[in-house]
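Next up is a structure, given as structure tokens.
As written, the chain order gives the labels A, B and C, with residue 1 at the start of each chain.
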Amino acid sequence: MVTPLFAFDFGRDLPPLLRGAGLTIGLVLGSGIAGTIIGLVFGTARSAPLAPIRWLASIYTNFVRGLPILIILLFLYYEIPLLFPYATFSQAITAVIGLSVYSGAYIAEIFRGSIQAVPRGQLEAGEALGLNYVQKMRHVVMPQALKIAVPPGIGFLIALVKATSLVSVITATDLTRAGRNVTSANHEPLATFLVVAALYFVISYPLSLLGRWYERRLA
Amino acid sequence: MTINFAAVLPYLPVMLRGLAISLEVTVLSFFIGSVLGIFVYLGRRSTFAPLRWLGYAFVEVFRNTPLLVQLYLIYFGLPQVGINLDPFWSTLAGMTLNNAAYTSEIFRAGIESVPNGLVEAAGALGMRYLQTFRFIVLKPAIRNVLPSLTNQFIVLFLFSSVGSVISLNELTSALADLNQRTLRTLEIFTIGGLLYFLASAVIAGSSRLAERFLFRW
Amino acid sequence: MSTQPMILAKDIHKRFGDLEVLKGIDAEVDEREVVCLIGPSGSGKSTLLRCMNALEKFQKGHITICGHDLTGSKTNVNEVRRDVGMVFQSFNVFPHMRVLDNLTLAPMKVLKVSKAEARERAMALLEKVGLVDKANVYPTKLSGGQQQRVAIARALAMQPKVMLFDEPTSALDPETVGEVLGVMKNLAEEGMTMMVVTHEMGFAREVADRVLFMDGGVVVEQGAPKQIFDDPQHERTQAFLSKIL
């Protein structure tokens, strides 16, 4: 009964998994950066002085956060070919778009919370010194908000690593997809996916430790 | 490409049936997982070191690996050692274990949020630890973590969509299926998305109402 | 009336890690006596008080309180706490229960008193501390002085034989200090045995039967309030009093 656990041929089957892990990391980095940019824009928009801007940003962040990532990915997977019937491209691009939209909403919410967490006294001091809105945001609020945003940001990054596993469903060859491909060849799902899980753990656990270390530093 | 929402409306009952399954697996895994989570929390606080380490390992493994991989292990891997679970039970098992890991952390935060002075005062009045826990610690602890618990419930609900990959007939698989049949991608996914979003919003709103009624101080 | 003191502490030593906080304390409190512990911060007065109801453990010495021996490992701590009431500096009123429930909880759950009797007791005590109209209010709506009076009533609801007060007014606004001291004074006049750690020298002078001055983990001097405040013998006592009076 124990043999299925150890029936993994590392020499033959590990390289495809590692290649998949490479795409996973690439997706995390790509959509993480894109999501941060989107999140910065919409996050600051949530505290903008103009109400319509606030509402628009609010609709985006609240709606996307009420959806499973899989829905976003499936929608793009089916809809993009309908919109661009002559384009052929790897599903990795669809994956990045979907994950970026997803990340943007969550990161925007993190920024919104961090901006709010900056003590009011700071804003008032900025005003008393005669700074205008842009100057206040740039020199007083954002630097402090960014520091506050790091622990929840790292928390989201870990969630993002796990979310990338769903791109396997739209046939992008990430770590999970590689796992399925390997399994259909070696018929050892238990051993193979244990290795897959271990690889995800290796990517994600250091982030967990980093987040905890940073939180302790802030306290 | 024409957009026609009316053509999709007859399929609403199919989607709602899928939504019901999503909610069913969410509710079950939330409550069973929370009870399990309490035990995991107690294990992490025990004086027996191997138990503490086991609890820590459990939480870290389930928080740092994707639910999809966990479901693949349960649905495809376990049959290799003789355990065969159907899509519903596989999804339920995976989500329950996942939830246990997260709620044990939430409970820890909640219990630690109760000021120590209150526990001392209860002790000074002669109350035993179990009494103190039941009357003094439990209610304030739950109230403090109600937002986190609600958030966890919604996260779990959104996670239920992963079950579609191992053929669970919940909402997402219903949407994918309808899309194949009608090819009205935009309409189907818009309505599906709205269903998920509205369900999440209702859950969040109910939690805020509950907070106001149950925890009136 | 027994001749045994209510509280008898002999040669108490306690350390926190490497720091010895109590270096051989002897103290006794007779029935109906009010003893005040005064002294600078860090002198060990609160620690000594907390040893009396086993909130702190001590390494060496004996404490007998209301006939319970705290030194033995067989002491049932919960039984001790039924006879000894404590009031904390930070009140520690239960915020998620109304005032009345704060008072009835322990009598019902620990003393197994009936709900009706617990409520009766509670209302009588609220009348005594002047808060009858706040019985159905949540403590967060009350001022500090009111919350502390609730805490006193809550401790009294257990009908203790001794009351311990750990700097009961230190966290209060000056205007509310008086109402709490007033309640404590009434309690003393009714014959409650009390041990009070306090910085309120006026209260000590007026209400205490005996004052213990502690510094650096030992009892430096003790005696009647008149003697301690007007004619301190020890140099350290004189130094401390000159700084605050």
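In the analysis below, a residue touches a chain if its C-beta (ideal position, glycine included) is under 8 Å from a C-beta of that chain, and two chains touch if they have at least 3 such contacts.
Predicted model, so just to flag it, every value in this text is computed and none were measured.
If chain B is left out, touch-linked groups of the remaining chains read A | C. Located most centrally within the structure is B, per distance between chain CA means and the overall CA mean.
Chain centres here are C-alpha means, and the one lying farthest from chain A is C. With centres defined as mean CA coordinates, chain C is found 56 Å away from chain A.
Inter-chain spacing, taken between the CA centroids of chain B and chain C, is 47 Å. One finds 20 Å separating the Cα centroids of chain A and chain B. Residue positions of chain A touching 2 or more other chains: none.
By the touch criterion given at the top, residues 1, 4, 62-63, 65-71, 74-75, 78-79, 82-83, 158, 161-166, 168-169, 176, 179-180, 183, 188-190, 193-194, 196-197, 200-201, 204-205, 208 of chain A touch chain B in their complex. If you check the complex, the residues on chain B that touch chain A are 1, 60-61, 63-70, 72-73, 76-78, 80-82, 154, 158-162, 164-165, 172, 175-176, 179, 185-186, 189, 192-193, 196-198, 200-201. Interface of chain B with chain C (complex): residues 115, 117-118, 120-128, 131, 135-136, 139-140, 143, 215-217. By the touch criterion stated above, chain C contacts chain B in their complex at residues 53, 55, 77-79, 81-82, 84-86, 88, 90, 92-97, 105-106, 109-111, 138-140, 151, 154-155, 158.
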